[in-house]
Structure formats: C-alpha cells, structure tokens
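Got a structure for you, written out below as structure tokens; questions coming shortly.
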Amino acid sequence: MLTHQTEVLVRFNEADPLGIVWHGHYIRYFEDGREGFGKRYGISYLDFYKNGLAVPIVSVHCDYKKPLRYGQSVIVETTYIDSHAAKLKFDYKIFQGNSKELVAVGTTTQVFVDVKNFQLQLTVPDFFMDWKKEVGFAK
Amino acid sequence: MLTHQTEVLVRFNEADPLGIVWHGHYIRYFEDGREGFGKRYGISYLDFYKNGLAVPIVSVHCDYKKPLRYGQSVIVETTYIDSHAAKLKFDYKIFQGNSKELVAVGTTTQVFVDVKNFQLQLTVPDFFMDWKKEVGFAK
Amino acid sequence: MLTHQTEVLVRFNEADPLGIVWHGHYIRYFEDGREGFGKRYGISYLDFYKNGLAVPIVSVHCDYKKPLRYGQSVIVETTYIDSHAAKLKFDYKIFQGNSKELVAVGTTTQVFVDVKNFQLQLTVPDFFMDWKKEVGFAK
Amino acid sequence: MLTHQTEVLVRFNEADPLGIVWHGHYIRYFEDGREGFGKRYGISYLDFYKNGLAVPIVSVHCDYKKPLRYGQSVIVETTYIDSHAAKLKFDYKIFQGNSKELVAVGTTTQVFVDVKNFQLQLTVPDFFMDWKKEVGFAK
C-alpha cells in the first residue's frame, strides 16, 4: 500500500460563522494531500503535464465525521488505490493534528486526458504504467 | 418532487491553468443551489438558525461529466429528497447555461444539530416537520 | 463618468468565525463588479482576450468601513477612471444591499500585456483606444 | 524591526487560466504571513481572542511586481510597523521561493474591537501594550 501523510494548517478564513471549517475546504485538503503524495512519489500535476497529460477529477466523495475548528491543523493521509482501469484513484483520511481523531474520509477518481485537446485516454498511459512498475504495482 | 433552479456565474478566478473550473468549486455551486432552494421554500440557513438549528453537511458526492469553462454560466437544479430519517438530503444537477448540457451531478446529506452546543438531533425537529407538512411531504 | 452597479450575494462560506465576511473576499467582489462593468460596456476579460490582450492587476487597495454579515447582499459600484497612461483603473464602492450603507471603497490598476508572452504594452492598445472613443473618453 | 518569514505553497487551484496566481490569493498569503508572525511572537488571532479582542482588517494594499506560477512556493516576509495609534500595521514582502525575486509588496492595517460587541477600542488595549513592551517597542 502506497500512502503519504501531509500536514495542512486550517486557515482562519476557512472556518465559517459556526466556527467550524466549511465542508468545501476539505476538497482542497484532499488536493493538498494528493500534491504531497505526488511530490513524494513523482506523480505531481507537473509530472503528468511534462508527459503531455492532465488528470482531471471525475468523481469526489467526502464523509464528515467530526467538525474541525480554526487553530487546529490536520493531517491528510493519502493512499493510492491500484486498479487495471485507465484511472487514478486515491483514498483520504483526514485526522485532527493534535488528538489524531479521524475527522473525515474520502475518495477521488481521476482520468487521463491529453493536455492539448482533453482527449480521454482509454488505456493506461506509458508514463503512468512506468510509474506503477517503479512503485511495485505492475511488472 | 420539490426542485429549484439557480443560475450561477462562473468566475474568472474559478478556472484553473487548464482553463476549466476547478472541481472544488462545484461544492460551492451546490451550496448556491441549496441556498436558492432554501430561500424559495423557506429553509435557508437563517431559517434553521432562527429555530435553534444548524444543518452541517455530513456527506458530499460529485460526479463530473463535462468540463466547465470561464465565461459560461451554470444552472444548478436542486431537488429535495424526502426520507423518514433525521437528515436533510439534496440531489443536484449542474447544467451548462447555454447548451443545457449536463456537466455534473451530486448529492449532499445534512444532519440537524443544536446551534448552541452542536448536539445531534436524533429525531426530525418540529420546525422541519412543520416544513415537510407545508410542502406536502408529511401529514 | 462611466459607472455600473452589480449585485453580489454574500455566501455563507464567505463569513468567518466572527460572523463577518472575510476581508479577502472583497477583492472578489471588486472582480465581480469589474466583470459586470465589462459585460455592460464591452471590455470583459474575454473581449480583451479576443484582441490578444490580458489585463493583469498590478495594484489593489481596499478600505473597510463597516462589517458585512452573511445573509446580506452587496451592491458593487464600479467606475472607470480615465487617464492617458497605458493602464486600466477602476474605483469601487461597495454598499450593503438593503440599508445602502457604504461598507468599503477600493481601487484596482491593471496593465495591458500580450496574452501570448505577457509582454507589457507601453502604449494604449488600439482595441482599448477604440473603446475609449466609443464611450466618449477619447477622440 | 520585528519580522518573520513564512513559506507558503502555491496551490494548483490558485492559478487562473493564464497560468498565474489570481491576485486575490495574495491577500491570503498576507494572512498566512501574519499568522506565522503571530504564532512566532505570541499575537495570533487566538491570542487576541483570549484577551477579548478581535482585530479586523480596515485597510489592505498590494502592489504586484511579477507573476507567480503554479508549482512555485513563496516566502512571505511580515514586518510589524510600530506606531502610537490604536492600530496594528504590517508590511509584507512576497518573494518567489527559488529565485528569491520580489513578486509583491503590501500593507494591512487592523483595529482593535471588543470580540463580543465589535466596539472599537480607541486606545491601545493593555494586552497589546504588554506585548509591545515584551518585544521592545514600548517601555
């Protein structure tokens, strides 16, 4: 299992009038987690870009377990979920930084498209297949 | 079926370097749709608030069908999904404003909490039950 | 004097834990005002774009007079400030939608750059000079 | 002179269709810088809050020198500007993380208000006067 933990600070302006982080910001925390993962394992947006690919999100899901408050930090645990499909799937667990309580879980699915014309890639691109081999998910 | 359509303008700053609207902003379009619905049918955040309730999101899901570009507008169709549970569920369809093409679908689930102490309400609050009667979903 | 009024809804997620709109969002209200002005008078971002130009902001200023709260709407009054320089300057007044109280004033300055290489245009571009003639600011 | 440097990552979703960071996000970078400063020197939002104070922004200014692109990081240098007025003023310099080029400069001014009723404090609050003594700006 390939996983990475990224720490994210909750900004004052991310909490709403109830004092809790607005639910939409968790989608950004997922992206921060995915970015941290991508930098750590060599598949950031820029790595895809250099290989002529963009990886738009086609599905996102988030379940909220506990409220997050301003002044807290969060740890985003991002896990790559391997499959044979021409897709890129990550699971996320968001923990409150101090108490380590689980505050949210989620999933994103991305597809591979040609960065020039947004043409959907129906098979796993070579660049990504190479990456899968490197990290031990393909031979 | 109780539904409402809200028009939302896509802001320049909501499109990313690929020229398409960043996926996280759709969560805000859902909220705009929910707000429009709430104003139309008398269950906006402020209506809940006056009745001592907050309705935090506990689950959100979005499937992206087509990219949205800057300069386009969107129509968010928000539909109330009735149930017996002490929950508030909405379905969303986002259409491109001109072509009327479906660009995304999604769902949110909210719970009822006491606005003062965030205590979860395990039964449907009176205020909401009254609303359900008014709009024809309960007797 | 060329001016335009745009109504903007204050979103729930734009208010902070103090219950007032986070100051950074006013910069977006200015952009909403500028967009409204641009659509009304034919100099939106897309109009510039079609003429090979981008108009990045080089300076922004905002003075906050009164707090804005969630549930209120605002009216952004955007005024074009003419000059001989190769610049695009707007003044803004933000009013609370109901009370019409002035809640903020501000200014933005933009320059003209080539959209392909970001080369600064040292003289007023033809497209914009034509626009100035049309609206009565140049002969 | 009391100053602090905070590193901020430029998020993918902060760059606009021109590939450069949308100007409104710099206001958030200022806030990140102010937060870093506040944590370092004991005057974060939460420190004010514990002392019954909020410090809303009454003025913000930003001059943009160079475009920022996605994938870059920035260093926000936040400097406290002392004065006798019942105000809190900071200057900011934003540098590109690698090249150390100056990309923006700015200023914010905050006032002291009672956190309960938003009453403006016309004299420097004791808590802040104590802080000024501690860091060497008052006797």
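Each chain carries a letter (A, B, C and D) given by its place in the written order, and its residues are counted from 1.
Criterion: a contact is a pair of C-beta atoms (placed from the backbone, for glycine too) under 8 Å apart; a residue touches a chain by one contact, two chains touch by 3 or more.
Note that the structure is predicted; figures quoted are calculated from it, not measured.
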- Return the chain pair with more inter-chain C-beta contacts, choosing between A-D and A-B. A-B
- Farthest from chain B by Cα centre, which chain is it? Let me know. D
- Let me have the rounded angstrom distance from the C-alpha centre of chain A over to the C-alpha centre of chain B, please. 24
- When the C-alpha atoms of chain A and chain C are each averaged to a single point, how far apart are the two points in Å? 34
- Note on the structure: Averaging C-alpha coordinates per chain, one finds the centres of chain A and chain D separated by a number of Å equal to 29
- Enumerate the residues of chain B that touch no fewer than two other chains. 12-13, 18, 24, 28, 31, 70
- Enumerate the contact residues on chain C facing chain A in the complex. 12-13, 15-19, 22, 24, 70
- State the interface residues of chain C toward chain B in the complex, per the touch definition above. 9, 11-13, 28, 31-32, 35, 44-46, 70-71
- Across the complex, what residues on chain B touch chain A? 18, 20, 23-24, 27-28, 31, 54, 56-64, 67, 115, 118
